[in-house]
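Letters A, B, C and D name the chains as they come in the text, with residue numbers starting at 1 for each one.
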Amino acid sequence: MYPTKYHKPDSVDAAITALSGAEDGKFLAGGQTLLATMKQHLAAPSDLVDVRGISDLSGIRMDGDTLVIGAATTHAEVAASADVNSACPGLARLAAGIGDPAVRHMGTIGGSIANNDPAACYPAGLLALNATIVTNSREIAADDFFLGLFTTALEEDEIITSVRVPACAKAAYAKFRQPASLFALVGVCVAQTADGARVAITGAGEDGVFRHEGLEAALSSDWSASAIDGVEVSADGLMSDIHGSAAYRANLIKVMAKRAVAAA
Amino acid sequence: MTKISMNVNGKAVSRDVPDETLLSDYLREHLRLTGTHVGCDTSQCGACVVHVNGRAVKSCSALAASLEGAEVTTIEGIAQNGELHPMQQAFTDHHGLQCGFCTPGMIMTGVDMVNRYKAEGRDLTTDAIRHELEGNICRCTGYHNIVRAVEDAAAKM
Amino acid sequence: MSTGIGARVKRKEDKRFITGKGKYTDDVRSENQAYAAFVRSPHAHAKIKGIDKSAALAMEGVIDVLDGHQLTGDGIGNIICGWAITSKDGSAMNMGAWSALATEKVRYVGDAAAVVIAETQALARIAAEAVEVDYEVLPAVSNAKKALADGAPEIHDNAPGNLIYDWEIGEEAATDAALSEAAHVTEMEITNNRLSPNPMEPRSAVATYDAAEEHYTLYTTSQNPHVARLVLSAFYQVAPEHKLRVIAPDVGGGFGSKIYIYPEEITCLWASMKTNRSVKWTSDRSEAFITDAHGRDHISTAKMGFDADGRITGFKVDTIANFGAYMSLFSSAVPTYLYATLLSGQYDIQNIHCNVRAVYTNTVPVDAYRGAGRPEACYLIERMMETAAREMGKDPSELRRANFVREFPHQTPVIMAYDAGDFDANLDQAREAADVAGFPARKEEAAKRGKLRGLGYSSYIEACGIAPSAAVGSLGAGVGLWESAEVRVNPVGTIEILTGSHSHGQGHETTFAQIVAERFSIPIENVSIVHGDTDKVQFGMGTYGSRSGAVGMSAIVKAMDKVEAKVRKIAAHVLEASEDDIVIEGGEVKVKGTDKAMGWHEVGLSAYTAHNLPPDMEPGLKESAFYDPANFTFPAGAYICEVEVDPETGVTEIVRFTASDDFGTIINPMIVEGQVHGGIAQGIGQAMLEQVVYDDDGQLITGSYMDYTMPRAADLPFYDVHHASTICPNNPLGMKGCGEAGAIGSPPAVINAITDAIGSNTLAMPATPHAVWSALQAAQ
Amino acid sequence: MDMTGEYRIAAPRDAVWAALNDVDVLEVCIPGCEEIHQDSPTTMTAKVVQKIGPVKARFDGAIELLNIEAPASYTIKGEGQGGVAGFAKGSADVTLEEDGDETVLRYEARAQVGGKLARLGSRLIDATAKKVATQFFNNFQQHLNDPDPPEDG
């Protein structure tokens, strides 16, 4: 790794100060992506500002019917949380399937969504569940947050503090794993919300996570796996690589959507 | 350089290390605890798994500096009073290792999974063991005997 | 509890591994340690126009930056291929020059142009990026077929058309005639996918030069440290043999990839002399993907002719083998004497012809990987057999039976003389264990769940031990393939076995000790196995080709024979009895039918005190032996794979994997089963998961575990492993070898099962979900 | 990796052609372009930064205009050395067709990466190449439709 300077501030303000004082600083959350990239010498931040020392960023609680998950909460904590399991069991199961056990002990929800890897699980979950991303300066609806391949609405010095997820009893995520990396080749999250069905897809889109109107319309009128049979899922705009063509991904979107509905 | 203090295998340790030092390097190069191995650089093989505050983590994917004050347990620290840990014993009883390189990570992952399943009151089936091992790669054994070893150790832990 | 032959003795070596006390090369840290990092080409093919080292040399802590011209200028020799193959026109193979550090050209992504030596590993890597190599990029080619095409970029000046050799075996005219008269001909084009061996321990080297003694010590991740020393000194002129000690301590798996002497070891040794520092290099996984020799990568077309009764009349194969950018140490032997000589399989085939063209491409060098040539042969034959059975409407196991060799010895038309085997017994045992009779019902039940169930066979044979020396010498091998052993009985009766075999997971410290403990009737704890250090063991050929049992243990037996002869003489002398009446049992050396006895330790003590030895006997009790086998050994077996395919996703689950192997004598069934498990896992990996992919420009695009799929626990089943053995008549223990069988036999069983399930035969390895789904779509 | 696209630009073909050959326009339209110098009428050198998630690569690149058929078509070719990350190459055949006062721009582009980016990021190569190409032509279209320079992507 290239030399870097490590900071562990205990407040959001201190974190922002540390970052703004750095030549080329980066926030560090779970580090499961960033540190691997640094090991490859493909990233060389001058400073790492670790947000895990900020107490406001940890913990899971209910705020009425809304789950509030601190940004520095690990995947394992979300998976095991009684609140998440009762308010939104689909999200708990999604978290339980990210990476592997050791990664789940380190990786955080805030880190995952700030990175917005096009094959990550959380972006699909939060988009389908109509979550709100809370930062130190504002609240951003998931629909406005995920802007494409590794791109989010976050400003450089903006910190995600928590994620607000409306309780949702009927939601599930079905992931078809890329066999080598175990990231999603196609991951589909379906949720039955007050505004109808929401379906978000990760792993497949050339521009990252996206919602699928056709599937949403079909499920809004008939929440059943068979409702998906008649939906046309186009391969246009889907990724193609050695692990799966766009056509294969299109097929998997339907298959995984049906399995998610069955599991919800 | 930052002075990093931890409790490693029950002993307080403290070393001045560069900020970018990974926990795996801190253990291997600075503390010379070479039982923790590094088999990949994309955080997938799991040869470097240790326990931090009682949970399995990949030591190649954590900065030592971020673990100031942590309790760290490595493969060198799980045998107690000269007695092998049941997981260690099970690996040799079931021929769960060949070249031995992935073994420390496998054993540390095995201990962690059994602890978690026991704490949560869940049944650790062989299917569950296989899925819990998804972050650990072994090239020698074909996993058959590793799964049997974890299964056996789980019954004895 | 018995610890003798056939006992499931727990491994003696385990304790250090399960407690984190194993000592691997990267665990070695010398005083005065410096670190090496290589400056590697990002281009698949380029001229080196210049190297600017100034920025790197200016960095504090950088000790030196060394390049290929300095290396060759110091007389370091080119890396060689050790097995000469002659083309069918009588010409020698076209071996291009391979310098440990490139001088004029780089020929694959990863080819090193320079090395940085620095105070820390991190600094060395950073400084390596600061070395500016001025490349003139040349067109590149990564596919072997394309490399042979007109107008392809030429990689070595002395290999026109990128052709290394064009070799054949068998009678072409007779085979053509047999095919033209055949009642049925099955024809296929078969690709054997390119693999990366991926032992979990990355390669590493620690080289230390002692200027006072002009002596070098090299710790390295080697399967054969003596061969490394020989080649490093005799061919690369790094150091004279008596001034070079090579130590391969605990080695974390090899699978072939740690046989070869790579540029990095050569460079570290030389750099340690240049800098007068101990120089350490440890690969990371990304570097391993572009430096460890790859395996397989064959494209073959094959025709197999049958008479009306389903008996094979002729088999003709044309193979193109991708060798990568340079000829690695054993590369030339893999698609010839380890592959084409096995094309008779388990079958009595009178007419076989195989043509092999070996080809340079701009890719990582290709060499032996677990099985080496034999998996390629087995896959070809067993895919052909299954396909032919389907085409002719015959039961695949019956078609095999109609062609099995049943009389031994059996001379094939492609050199090999099979010495023993009972192929029916293996097939019967596997079918019984796999409950083949119940398969139709299981298939029907699976169909109700929407799953496609299939069953596939593989009847494999391999040639192991790799010997005899005279025979391989006549075929072009550069070394003999015997093994050595030394048995040292200490004055207190404990025994050290010095062996030239190397253990890197195979459990030699246990199995070798078992045969010694049994032979001399002493506790297994009193036997230790010494290996992996050229200063301790005089010479040896190392471990590959499933040879440590059949060849390495045979050498131990021969040395034990000599020890026993001396023990008998000593005991007969001391106990005043006839040598013929001496027996060794129960920890004692006894006179048969009397109560006269010496403790084993007393014999040892007698030998060393030498107070009362027979006249003219030398003191001491230490014997050595070299064993040169009379023939290859021929492990064989039958594998049956049963799969369920999810047609919606193409996901294949192996629901049952049954093996019946014939390994001859088995010393430790636990360890043998472990070897079979691991081999099958690698075979399943090849069949369903693993593939090295290059783009057309020679860029590697599976450069990490993010894209190269390593088999994980959840990808694999429990294996049902059985043995039905015949004894090898050609070595003292009757052993055949077990290390590679699983990797050789399993891929065709898997693909035969999947193609059976999906009802389409157009499926190449690896049968990933995407590939299986695509095959299903195409078949619709 | 081949990509195609079609844009309708509210400007006459000569103006579009001029812009396509204007180094200042290219500077604001090439995503991540930090600086660009014109070395000859058809060659330029540039520094371009690309961020793909946590990966940040700085390319020293050369841009060349080939097959010039003014004002109807050319090929724009770029090649960048990204240091440790490897290298990237790309080219686009651009054609301009008059349609009244407007111009229809069509392109066919290809991209290739080498070195670490290829070995470690193969899954992202195509998507990133497409994104860069789309951003360039989006930026270009916007630039001609809007006097204020667009933001770099």
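Just so we're on the same page, a contact is a pair of C-beta atoms (placed from the backbone, for glycine too) under 8 Å apart; a residue touches a chain by one contact, two chains touch by 3 or more.
As the structure is a computational prediction, the values presented were derived from the model and not from experiment.
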Innermost chain, taking as reference the mean of every protein Cα atom displayed: C
Busiest interface, counted in C-beta pairs: B-C
Approximate Å spacing (C-alpha centroids) for the pair subunit A, subunit D: 31
Inter-chain centre distance, subunit A versus subunit B - centres from mean C-alpha coordinates, in Å: 27
Subunit A and subunit C, separation of their C-alpha mean positions in angstrom: 43
Two or more partner chains touched - positions in subunit B: 18, 20, 41-42, 44, 134, 136
Touching two or more other chains - residue numbers and ranges from subunit D: 84, 116, 120, 122-123
Contacts with two or more other chains, residues of subunit A listed in rising order: 1-2, 38-41, 181, 242-243
Which pairs of chains touch, using the document's own definition: A-B, A-C, A-D, B-C, C-D
Complex interface listing, subunit D residues touching subunit C: 83-84, 86-87, 112-116, 118-120, 122-123
Subunit D - residues contacting subunit A, complex: 51-57, 84-85, 116, 120, 122-124, 126-128, 130-131
For the subunit A and subunit D complex, residues of the former touching the latter: 26, 33-34, 37-38, 40-44, 115-119, 148-150, 178, 181, 206-207, 239-243
For the subunit C and subunit B complex, residues of the former touching the latter: 10-11, 13-24, 26-27, 29, 122, 198-202, 250-253, 255, 284-286, 504-507, 670-671, 673-674, 677-682, 704-706, 710-714, 716, 718-719, 742
Residues of subunit C defined as touching subunit D within the complex: 42-44, 109, 129, 286, 289-290, 695, 697, 699-704, 706-707
